[in-house]
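In what follows, chain A forms one complex with chain B and a second complex with chain C.
And now, the complex of A and B:
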């Protein structure tokens, strides 16, 4: 029993070790321009197309509705308690700093993360990765690194878009459709978006972007070469990804507010 | 070869040979043209247009341009074989190794078909070896 538990713990640690090694390798490759060629760039573009562009309309509508509901709740609650002056600050902190980055990462994880996990698992099981290597094509350069770059750019872009929309909606809800309150709005923005907060937000979104691609890829690569392991690889990858996203969010909250 | 162990040993002894094998599938989400073009894109740093042009010329000589835009699951056995052969051939390696062709062409009179296909592409490769079991030796005419 103890041996089995020990083996399971070692396998668990090994999987995380491979994930970190892979992430380090992918990031090192991403910052090595000599490794880019026309095929790499095409895969990056395709990844951005599938991850960000294809879902843009749905995601924008979802983010707008969610933002509007939360803004309305925050503003009316603040008014009830006589705290209207703080409503906008609360909205920005809740939506832009916390909720929208996390929901964007979850949205991309459920859609593209699951697809990447399945595709890499099937590639691995069908021996396509070895066939690419045998043909002289480095799978890290052609299949993996472009997905990490494309996925990360997509998460950053979608988060930026959703945040911008939330700020506009927040302004319109609190001040109405007029421009005379822009200086007040600017003061609130300046109070919330200090340099350390902006830096932390950027690092958190970057970590989300890397996680939603690296963890599914590593889970796919970990799948034994038997077809019935494909769903298990996806299941494991998605569970790991959920915990990592939550861990990043909790760590960011702790660093910001504690 | 006498058996599987000898086959594996032979393959291990020729790591530089470009392999055409049932164990080396095409990339499923790429078309035949892309599967061939990707090799010079990486090995020779060609842009896609030039790599695709080279792949197209090979497909023309093999008489298989009709499958250029198909992906692996939509290919016939012969089309899949040609795609794998041209992927191995596109960077002119010293040796192309076709491994157990019966596995790749189960519904074809493959010795004669293979002969015709290799003749049509004779100008595009250096050496092409067929790796098969000893009991299939009578199927092949010496080249």
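And now, the complex of A and C:
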């Protein structure tokens, strides 16, 4: 029993270790310009197209509605308590710093992360990866690294667009459709976004993007080469991904507010 | 060995779309970074203002300095001086520094709800402008500091209330007395019992009042009797056939009698004149004298009768007197 537990723990640790090793390898590859060529670029473009461009309208609409609801709740509640001065700050902190990046990561994880996980698991089961290696094609260079780069860029792009929209909606809700309050808005923005906070936000979004692609790939590669293990691999990968996303979010919150 | 491009034509304008998205994202990230630098005042020329306060509680970096409700500066640094006072450095953009004058006053207000506020007040904008790096005292007005005093006063009030409502307090005793009095008032003799203290006293008063009432009734009766008596007297004296009427009639008779007497006397006078003039015929004269004397006797008798009558009818005038001429 104890041995089994210990083995499970070791396996669990091993999986995480492989994930980190793979992430490090993918990032190293991403920052090696020599590895890029037209084929890699095409895969990256396709990944971005499927992950970001295709869901752009849907995701933007979804994020807009959610932002609007949260903005309205915050602004009207703050007004009821006579704290309207702080409403915009609260809205920016909640939406732009925390909620929208996490929401984007979850959205992409649900849509593209699951797809990547399944794809890699099937490739693994079907021995395609070994075949590629045998043929002298580096799967990291042509299959995994482009997906990691494409997924990460997609998460960043979607977060940026959703945040921009939330800021515009927040401005319009608080000040109305007029430009004369831009200095006030700027003051609040200046108060919320110190340089460390802004850099922290970028790092967090980057971490979300990497996690959303790396963890499904590693989970797919971990799958035993039996077809019925494919769903289990996807399940494990997704659970692990959500866990990691939460971990990143909590870590970011702790760094920001403690 | 490299793979051939994978079916690129399947997606139209793939490169353009992805490029657009990438460019947009990069522009947003970069633009946002520059915007944050801008709103944080990195590109603004600022001047320094140092405020010294005994206590910097509630002051945070990035907090605005407001003038007439408009933010004109921002706290950039907070430090503790050698004297243990708080030293608050504020960066004021040069274009906003014109609101600050050498005579400006700075206050720190801490409301019950919400963040503290640093405010600047410039009464005279003609004064010379505040120089860069100027150091001023910060006047602190803390709403929360008033709470202990308020609690102390409320406690005193509560003590008073407690003393007033205690078991043996004068207020309670007064209320007990009021209760006793109103209890008596509710008794048989009402308010009077309340005022006089006991039902016996009240009863005495009531009895006295009853006696007074009886007395008044008998007095009334007596006065009615007196009234009747007076009416009778009036009738007797002044009424028809009363004393006064009879007296009147007697007087009228007296008048008539006196007339008779006078006439008789006149005749006697004439007779006497005749007697003096005619001394010769004594015989005739003596005959006439005899008749005259009879007439005088008659008259005197009538007067006598009248006097008697008067005496009978006029009992009050005892000394009735008729003067004969």
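Following the convention adopted for this analysis, the second predicted complex is superposed on the first by the 258 of 258 C-alpha atoms of A that agree within 3 Å, B and C clash if a C-alpha of one lies under 4 Å from a C-alpha of the other, contacts with A are read in each partner's own complex, and residues count from 1 in each chain.
Criterion: contacts are C-beta pairs under 8 Å (C-beta built on N, C-alpha and C of every residue); 3 or more make two chains touch, one makes a residue touch a chain.
The shown structure was predicted, so the numbers you read here are calculated from the model rather than taken from an experiment.
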Contacts of A:81 with chain B and chain C, given as first, second, both or neither: second
Which of chain B and chain C A:38 touches, first, second, both or neither: both
Which of chain B and chain C A:114 touches, first, second, both or neither: neither
First, second, both or neither for A:190, with chain B first and chain C second: second
Touching partner for A:136 - first (chain B), second (chain C), both, neither: both
Which partner, chain B or chain C, touches more chain A residues: C
Which superposed partner A:206 touches (first chain B, second chain C, both, neither): neither
Which superposed partner A:122 touches (first chain B, second chain C, both, neither): first
Overlap of chain C and chain B interfaces on chain A (superposed complexes): 37-39, 42, 135-137, 142
Chain B residues touching chain A - in the complex, by the definition given at the top: 18-19, 23-29, 38-39, 41-43, 45-48, 51, 87-88, 91
Partner chain A, residues of chain C touching it in the complex: 1-6, 8, 11, 14-15, 17-18, 21-22, 24-25, 28-29, 32-33, 35-41, 62, 64, 71, 74, 113-115
For the chain A and chain C complex, residues of the former touching the latter: 37-39, 42-43, 45-46, 48-49, 52-53, 56, 81-83, 85-86, 135-137, 142, 153, 156-157, 160-161, 164, 186-187, 189-191, 193-195, 198, 202
Chain A residues touching chain B - in the complex, by the definition given at the top: 37-39, 42, 119, 122-123, 126-128, 130-132, 134-138, 141-142
